[in-house]
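In the part that follows, the structures are each spelled out as structure tokens.
Common to both upcoming complexes is subunit A, partnered first by subunit B, then by subunit C.
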Partner chain A sequence: MDDFWFEFVEITQSIGDGFLYGSTYALIGIGFTLIFGAMGKLNIAYAATAIAGAYSSLAIFTLFDVSLVIIFIVSAISAAILGYLVYLTCFRFIPVHNHLAALMASVGGLFFIDEVIVHATRGSPLNFPSMFSEAYFEVGPYGIRGDLLFVFVIGLISTGVLLYVLFRTRLGLATRAVAQQDVAARLCGMSIHSTNSATFAVAGLLGGIAGAMTAAAVGILSPVMMLPLTIKGLIVTVIGGLGSIPGAIIAGLFVGSFENVVMYVRGIDERDMYVVALLFIFLIFRPNGLFGKTITRD
Partner chain B sequence: MDYYLNLINTIGIHTLLGLSAYILLLTGQLSLAQAGFFAVGAYSAAVLTVIFGWNILPAIGLAMLITGFLAFLVGFPALRVRGLMLVVATLAFGEFVRMFFYNLKWRVTHDGVEVGPDGTMGFSEIRYFAEHGWTSWEVTSLIWIFVIIVMALIWWADQTRSGAVLRAVGEDELAAGTIGIDVTVVKVAAMTAGGIIAGLAGSLYAHQITMLDHHAFTVLLATFAIAYPILGGVSNVFGTLVAVIFIQGLLVEGLRFLGDWRMLLFGALIVVVMNLKPRGLFDSQTLQWIKNVLRLRFFRRLS
Partner chain C sequence: MSRRGTEKMKKFTRLASTVVLAVAVTMPLVASAADRSVKVLGWGAKSGPLKSFGVNSEAALRSAIAQINAAGGVKLGDGSSAPLEVVSYEDSACKKDQNIAILRKTASTTDAIVGMGATCSGSCQAMYGVLQKKIGDTSDSGVQMPILSDTCIRPGLAKISEWAFRNVPNEVAMYDKLFTWLRSENPDVKTFSGGTETDQGHSFITHTAIIVQAAIRHGFEWVGPSVPELGPKVKQGMKELQAAAKTQHWLMGDTSYSVQARKIKKQNPDMVLVSSHPFSACGFLKEMKRQKVKPKLLVGLTSSASQETLNGCMSAAEGLIIPTGFAPITPEAISANEIVSKAGGFLDLHSAAAWENAYLVKAAVEKAGISATADTVAEDRRKFRDALASISGIAGLIGPVTRDGVTGEASKPYVYVQVVNGEWKVIHDPRG
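Let's look at the complex of A and B:
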């Protein structure tokens, strides 16, 4: 009986930890979903810009020894600039209906960013300042890691701000209008390109925060983190339903918990394999995700 | 000399890989699973020759069947989703395969030596060609015989009704459906054929390189696989071959003095080409231009 109790506590503990860490996946998923919602296109380079944002904040941190809040702000802003640049190079000048060319260009962008970082850091991982890692709260048999809680709170705040911008400001109104019917939005006098670039920049802001969060939770920053983050972000987007923000949040937290439980049961080597298998289960039984509408366009 | 033969081998194997993505691209599907199929083909053929001691030709044949069947299985769930979702699904599948081989351990003792895939350590000692006394020339010929057969088959299929059907689905699924083409059957068939060819490329790769490592089958390889037909254009199979020679011969080998900066160029090259020529370098427009130039030269010489 004691054994069972012990196992139960361990598993619920890892679900909780994963839930908190899953907020980073949720943010990345929201970013993918925002861009998909606005343009109907996937920006594969998105998670790469997020990690690149974290890198530039780390550079600022080592150069000027700034406070921890600044790290997140710098990361968000530089990722937003990068996001805008990705929009310019990979989406702006490619014919609107050629989805595959834009996608392919963003894959090229992913490799380009990846290689630039590998060159700048000589491929070796760097230490990232982790926040509140000494803090530890005990609740009954459970413990809550301070850094994970911090990451979760940051994630909550940024999601709240995003929802405010999206549903209470003119920019958000324009973004949603373009997402709904780009032709009608243009007829009403909205500029598609400036709205899309704003969407990319906003998504970049979120991505930069998520990148810094990921690095802060893990404690290191490495170019190797880029691809898993891309793939998990995409998985979260698909499981949540393409274009659905609540879906991305729920799926992000769910994927975070799921992978942590798998890691507890099967070890870290097999963790990502089961996360991908989860995607296939969803593709077979719910191809449109949790909250996705039936897709009528490619 | 061996250096050039190796380069020619690499070009041959990558041409096969590119052609496997080419067939899918004809039906308008962008698949990032080709590196996964390539890995399955490589590992299964190597297991057959190393652990079971098979001859290489039946081993390649069975590896192709295994990969084709796997592609068939992947095709069904993946094809319920279209376009961009298919990219996510196939990307995830490729990573799944890579992680599967990352975890695969299957050690067998042969003549006092332990052989077989060894998880993170990779699968080394695939010495079929060395053990059976194949010369480098014979290996290269074997690879290129397969390349020529596959290219000829695809080129021939493109001239017949099946090529027209594939392209019809690629141009407009809805229109293809209304004239009585079963779109799902066509797409699954293309996926299977692509899987078979990628499996062939993988099984040749395994024996040529003699050492398999999960790092070789990342998204980078998958991107290479689709970059060839996209850069080369889908108007005919030779575009893919030209793109492979351009990327592997010129960009990867020719610019070796640039060191690792070449990969940076690869990313930038894709972005630039997609901006300038969203339908591929050798799209119908370019081909027409080349034809016109050739014709002009020809007539000028006549007059």
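Let's look at the complex of A and C:
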């Protein structure tokens, strides 16, 4: 009985930790899905811009010794600017229907950003300031990390703001209009490119917060974080349903919990295998994800 | 002009002609000696997450070669002197195929007599695999090019080919002596556990085959997942340990270590091993700090005794103890450290070996008596290899570096360093 109780506590603790940390996956997933929803294209460089935003904020923090709140703001703004630049270089001038070219261009964008950061930092990990890193709440047999709780709350607030922008502002209306019927949106006087640029910038804002949150949760920044975060973001986007924001949120939290449980039960060798297997299961049995638009099969 | 005057004139003319002829004959020879250089080609990770390894090794190699050249270069077989020349220092990015491609290119298209690389153990293993295994084996069409490595540290690689040479620390001896010392200094420390990154060959193998066994050998009790096969011998119970402890291991690029830290916290060990490169070591150390895991001793992987660890987690790494093959503790090491710092690099246990390797090349070239001409490249490479194989020791930066003629592995002096107040401090010097 003791063994059962011990395992129960450990597994539920793993689920809780993963759930809180999953908010970073959710934010990255929302960014992917926002761009996919608007343009029908995947921006593989998205997580890289998020981490690059965090690097920019760390540079400001180191140079000017600003407060920790400023770090999140600078990270968000930097990633928004980078997001816009990625749009300009990888999407803006590529023919609308050439999805493969845009995809490959964004893959190039990912590696370019990665190498620029490696070049600037020599690939050395850098200490990233954490908020509430000393806060650790013990509730019965459970422990809750204060910084993860903070990350979770910031994730919730960011998502709330994004939903407000999407459903209560003219920019959101334009974004949804372009996503649903770009020709009609153009006939109504909306500029496709301006709307897409704004979408990339908004997604970048969110990514910058996610990048800073991830770095704050780990306590370190390193280029090695880019690829795993990109892969997790893509998995979250597909499981949540391409183009679905609620789907990305739920999938992000779910994937965070799922991988932590697999880590606890099966270990590091099999953790990613099970997460990718989950992706395959969704692609086969529910290709439109949890909340995506129905994809018909031939 | 008188007859005597004419004779004098003839004598003068003959003498002048002889001098002019002698000068004319010797000038090209002098010029050709001055034009010659002994070429080496280096490579290492200069991109990707391990970029600092390649950058530091390059800075150390180039700085040491500049120092050698400033002191007159190296003596060639004909008694003349020539400078050492780094033809280039390529980026192998820690990728096996890229390392092999650079090796083949160096061997077939350059006059370099030795290749000096590479960064990662896996890359070296693959690269050594394409070299000719036994000298003079005509049935083996492997590449015949001497390789002198400074960083790939995984034990046992030098035996792959007789063309491969390594100046890397012997981790089996380092950890054995470390735990002997820790045992005597910390009688209250009885139990241990720890984790490693499973996707990095050096970390994973060193942790599961060397470090854990060395701790057991010196009386520390493993309190991680039960592994009855574990014992004091190198590699004893390695496979079983790898399988049993996988829930407290991680990957190099991981961003969450909560499960692993909690597992180790539950085991409540007196000593924790963090056998990992700086990024993930820092991630795990920070997570331990958050979860208030406070072991009496923290022991790390040799490769983390570097500036990168301090950059990433100075505070969380406080108290971390690591054996290392370099510390600025001798006049030579202090001087080299300053020179390399000015050249934009850091000297650590890996890049210090690149510095020493430049002097090893000088010693081997002078012993081999090579010609260093375009026509004698293959012959020079073979002579150089044989000379390198016959050198049993050189003066390293912190003491003599010797080479075992049977295994081909180096034996280097080492010290134990610890993060104290945010800096690496030498806490014990077993050199005696």
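In the analysis below, the second predicted complex is superposed on the first by the 291 of 298 C-alpha atoms of A that agree within 3 Å, B and C clash if a C-alpha of one lies under 4 Å from a C-alpha of the other, contacts with A are read in each partner's own complex, and residues count from 1 in each chain.
Criterion: a contact is a pair of C-beta atoms (placed from the backbone, for glycine too) under 8 Å apart; a residue touches a chain by one contact, two chains touch by 3 or more.
Quick caveat, the model's predicted, so the values are computed rather than measured.
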Touched partner set for A:189, first subunit B, second subunit C, both or neither: neither
First, second, both or neither for A:14, with subunit B first and subunit C second: second
Partner chain(s) touched by A:140 [first = subunit B, second = subunit C, both, neither]: neither
First, second, both or neither for A:217, with subunit B first and subunit C second: second
Which superposed partner A:260 touches (first subunit B, second subunit C, both, neither): second
Subunit B versus subunit C as contact partner of A:269, first or second or both or neither: both
First, second, both or neither for A:227, with subunit B first and subunit C second: both
Partner chain(s) touched by A:118 [first = subunit B, second = subunit C, both, neither]: both
Shared contact residues on subunit A - subunit B and subunit C: 115, 118-119, 227, 269-270, 272
Contacting residues of subunit A [partner subunit C, same complex]: 10, 13-14, 17-18, 21, 24, 115, 118-119, 122-127, 133-134, 136, 143, 145, 147, 214, 217-220, 222-225, 227-229, 260, 263-270, 272
Footprint of subunit B on subunit A - complex, ascending: 36, 40-42, 89-90, 93-95, 98-105, 107-116, 118-119, 227, 231, 234-235, 237-238, 242, 269-270, 272-273, 276-277, 279-280, 283-284, 287, 295, 298
Residues of subunit B touching subunit A in the complex: 28, 30, 77-78, 80-85, 87-89, 91-93, 95-96, 99-100, 102-103, 218-220, 223, 226-227, 230, 260-261, 263-264, 266-271, 274-275, 278-279
Of subunit C, residues touching subunit A in the complex: 47-52, 55, 198, 246-247, 249-256, 258-260, 262-263, 278-279, 282-283, 286, 289-292, 307-308, 311-314, 316
